[in-house]
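Every chain is named by a letter (A, B, C and D) in the order it is written, and numbering of its residues begins at 1.
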Amino acid sequence: MANSKYEYVKDFEQTDVLLPSTWIVVRIDGKGFHKFSDHYQFTKPNDRRALDLMNAAAVEVMKELPDLCIAYGVSDEFSFVFHPNCQLFERRSAKLVTTIVSAFTGYYIYKWSEYFPSMPLQPPYLPSFDGRAVIYPSNGLLRDYMSWRQVDCHINNLYNTTFWMMVLKGGMSNTDAEQELKGTVSGDKNEILFKRFGINYNNEEEIYKKGSVLYRQFELQEPELVQEGEVDNTTVPEGKQSRTQQERLRKLRRKAQVVVDHVDIIKNDFWDRRPWILSGKPGKLPA
Amino acid sequence: MANSKYEYVKDFEQTDVLLPSTWIVVRIDGKGFHKFSDHYQFTKPNDRRALDLMNAAAVEVMKELPDLCIAYGVSDEFSFVFHPNCQLFERRSAKLVTTIVSAFTGYYIYKWSEYFPSMPLQPPYLPSFDGRAVIYPSNGLLRDYMSWRQVDCHINNLYNTTFWMMVLKGGMSNTDAEQELKGTVSGDKNEILFKRFGINYNNEEEIYKKGSVLYRQFELQEPELVQEGEVDNTTVPEGKQSRTQQERLRKLRRKAQVVVDHVDIIKNDFWDRRPWILSGKPGKLPA
Amino acid sequence: MANSKYEYVKDFEQTDVLLPSTWIVVRIDGKGFHKFSDHYQFTKPNDRRALDLMNAAAVEVMKELPDLCIAYGVSDEFSFVFHPNCQLFERRSAKLVTTIVSAFTGYYIYKWSEYFPSMPLQPPYLPSFDGRAVIYPSNGLLRDYMSWRQVDCHINNLYNTTFWMMVLKGGMSNTDAEQELKGTVSGDKNEILFKRFGINYNNEEEIYKKGSVLYRQFELQEPELVQEGEVDNTTVPEGKQSRTQQERLRKLRRKAQVVVDHVDIIKNDFWDRRPWILSGKPGKLPA
Amino acid sequence: MANSKYEYVKDFEQTDVLLPSTWIVVRIDGKGFHKFSDHYQFTKPNDRRALDLMNAAAVEVMKELPDLCIAYGVSDEFSFVFHPNCQLFERRSAKLVTTIVSAFTGYYIYKWSEYFPSMPLQPPYLPSFDGRAVIYPSNGLLRDYMSWRQVDCHINNLYNTTFWMMVLKGGMSNTDAEQELKGTVSGDKNEILFKRFGINYNNEEEIYKKGSVLYRQFELQEPELVQEGEVDNTTVPEGKQSRTQQERLRKLRRKAQVVVDHVDIIKNDFWDRRPWILSGKPGKLPA
């Protein structure tokens, strides 16, 4: 349509294209979820409904964006991962991040009543999320990012489980519990749980200990014998795929089911059995 | 809490702090709203409920973020403006943009049923928005940005009004109407509207012709005699405000009502009477 | 010419275009000039030949790049300033910075023997400079940047003058002088200079106290009565000039002589009399 | 030293840290070398003195910056490569680029008279270079970058050799030669050279056909049997080295001689025999 003399202001938009051939991680975080979870009386230390809702929203985001290869969620945060070959929105950072944040927020609110039927949302206590994109130049680095989030999940969950036991079952004040836990290591917390409350941390639910991994389900592969600890460092394939090829891959990915898993993603096994995640090449659909 | 050996991956996050002392415009856009508006049968050329819903969501965003000075909406897009002095989230671009996108999406969905009571939202037709931040170094440039959006509103609305009259009242096919309008100027469209459909475009509703301006209401000021067309180029004040000062200003702004107006923002009058918008200094609350 | 299959690697270059309508300051700094000045036995606290050589190189850079409006040098650093309207190299940051760094280095080395005839350059003691671009959104901010450098010049020069008097004339060790000066204010240093060495700091040479300002000489203007301390905040003109207009302005600027001045650039007087610097519009050539 | 109220202007400097764990290529280009080479009557199509001077300057840059692993030069351009592990200047882009540009310019001018003894430099015909940094996320991509430059060298040299033969020996006008070469492929040019001028392009000097590769000389390794064409895609090692470790490596690299070679860097052989270039781990010094 017609232009105006003001159109020159468009020149002030600066490009924010992310470096090609790198993994793109979009991590979103609940805004003020401390207050938010208090208001809606989330169970401590973990509220299963809240986590299931996070996962449900994330599954929808994965379905809408077949370019996503994997996602990992813990507490009120979720990391969504695009493959180095991804060309979605020409890899413009703001576009990728806001699309995910908006879709996630939308589904979280839309599905809220399913998971909290007796707790209608009340402004100003509406859930919202911020987000950012970070890029990683190699498979090894992406794996370390994922490991970072899962180790964090473990550390926080062990702490929270112990803390809330001490408060809710042990009758301690928040301050006293916090004070006692200061400087403790994992072993100490495991011991407090076991000796005082008869809890074996290993028996806690996997979703709390491991967080949630979302990916598209293809046929699992027999892992070759890979030595534990050795990082699978196959590099990012350089070069670009044609648009047709991209579209074809997108269609194949759409056909696969998005599953929610609570498993170790630090060791190689997870990745070896699901080579399509790092390779970006869809596997065989399970029978 | 405890750290892990994976924490080094945080170093890959790159800063995206926006240049100090510049206007920050966050513009959000409905994603796939063509399809979306078809699905929920929005009235053509303008659906009043949809615009009111956009404005209602934007009002809530303005209320949540007192750092916002003004916002302008048209169709499925909204521009939110932070003052050059704004220090919110240390001016990190992704944080500012995603916060607005997420809050806006949330309120849009939350309030949907108020405006479309008989049309429940149905996935995958959930509304979502993308966004981006653009910075402008001077008042004159910000004014030109605002003028750009309002001129665009006018151009598009005149076109759409004429087009849909030709189709809905004139019984033309979309293609025929499009063909006839190709290359026409404003005068031509005004004439089509008037001669064929007895419509005087000037009598159309202001919200359609001018879009929606949102700002905090303080006491209007008598505009000094400023010559038409002359741009008020008072510069951006340099230097930084202290945190206390910022907090105080935020409180004052929260007290003011956010109003939705449909007026000319291209000429000086609007800005002269509301000096608090460009100055960033809250005015007197109206009695 | 012919392309190769490797050409896709060009896509990894990321744009670094500087925000339009902002002042661009390219500041360059001598690398390891402490060692360098020792090696060539620069006089302490100021070596007039070295400063003259810096200025001579900067004059050549100004002549080669008529887009530069003003430059300011002190010690082994120089700041070169492009006007907000500047479109040189499409405002690509690396291009602007490296062009200045390379030309400056070249002239510094080329002219070395003129200023240090008895001291031929000897690798690895070749002078080199690094540089960076910083942008400022308003005239007021640019003025504050220039003031920052000139105030720094004064602070450092007063310190160095006092320090080296204490060492060279007063026979103190470096450490003792440093120790005594710790925590002193200007008044203290002025007193040391006057009482111990009979030096009135005000009588020191202007080039040492004020640094060097380079600009194109047009006819000076009568400054209107502007109140001291009030910053001239005329904004950056928005909009773009055509290429022809830019070329015409470049030619006019080339005709003006580049002068080296040692005057106050903090107060308004300097800028009021030379309005072409901030306006970017060449004045009248002096008769 | 003392601060001033103007110091806040430092906040406008924006960080330009390059993504960790990526190859950094700094490519510099002669500015206006067409004119420059005309002025100093460079031999066509290649001036051996000019290329030797470029290489001599580049060798000095490599010596000054032990963080550089390899460099490649052709015509008036040079690419300098930092390893993904490089932490020099905290990987700030402007700092890395300007340091190289300034040092290179300095040595080029300093050594000019050695290579062009009868042609003293005359302003304004001083050589200068611009530069930029580009990052590559994997070894394969870096190899493709290097291949790109070497293929370009070949394409341009074959064209130039043929063109200048036609003009200088064949007596054709520039325009006629250009016209005839339009649309020709390698085979055509080889034939023109051979049939008209009795030149076998394969016998041309390697420096013209292959460009110049600079690297530190350690003991060559027996290449394992690697299939031709297969790219050695060992990934970039993640994680960071300690400062002490970096310093130790720098020292080892300084001890190695920087050699200038004119060999194929597209196939694997070059890289397989010199594994220290991609690994960043210095090899054994040759006996």
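Basically, a contact is a pair of C-beta atoms (placed from the backbone, for glycine too) under 8 Å apart; a residue touches a chain by one contact, two chains touch by 3 or more.
Keep in mind the model is a prediction, meaning the values are calculated, not measured.
Of the two chain pairs shown, A-B and A-D, the one joined by more C-beta contacts is A-B.
Set against the C-alpha centre of subunit B, every other chain centre is closer than that of D.
Subunit A and subunit B have CA centres that are 32 Å apart.
A straight line joining the Cα centres of subunit B and subunit D is 50 Å long. Centres computed as Cα averages put subunit A at a distance of 43 Å from subunit D. With touch defined as above, residues shared between interfaces to two or more other chains in subunit C number as follows: 8, 12, 14, 19, 21, 135, 141, 144.
Of all residues in subunit A, only 19, 21-22, 84, 135, 137-141, 144, 233-238 touch subunit D in the complex they form. Interface residues of subunit D, counted against subunit C in their complex, comprise 1-2, 4, 6-10, 12-14, 16, 28, 31, 60, 63-64, 93-95, 97-99, 101-103, 105-107, 109-110, 121, 123-124, 126-136, 141, 144-145, 147-148, 151-152, 155-156, 159, 185. Residues 8, 11-12, 14-15, 17, 19-21, 239-240 of subunit B are the ones that touch subunit D when the two sit in their complex.
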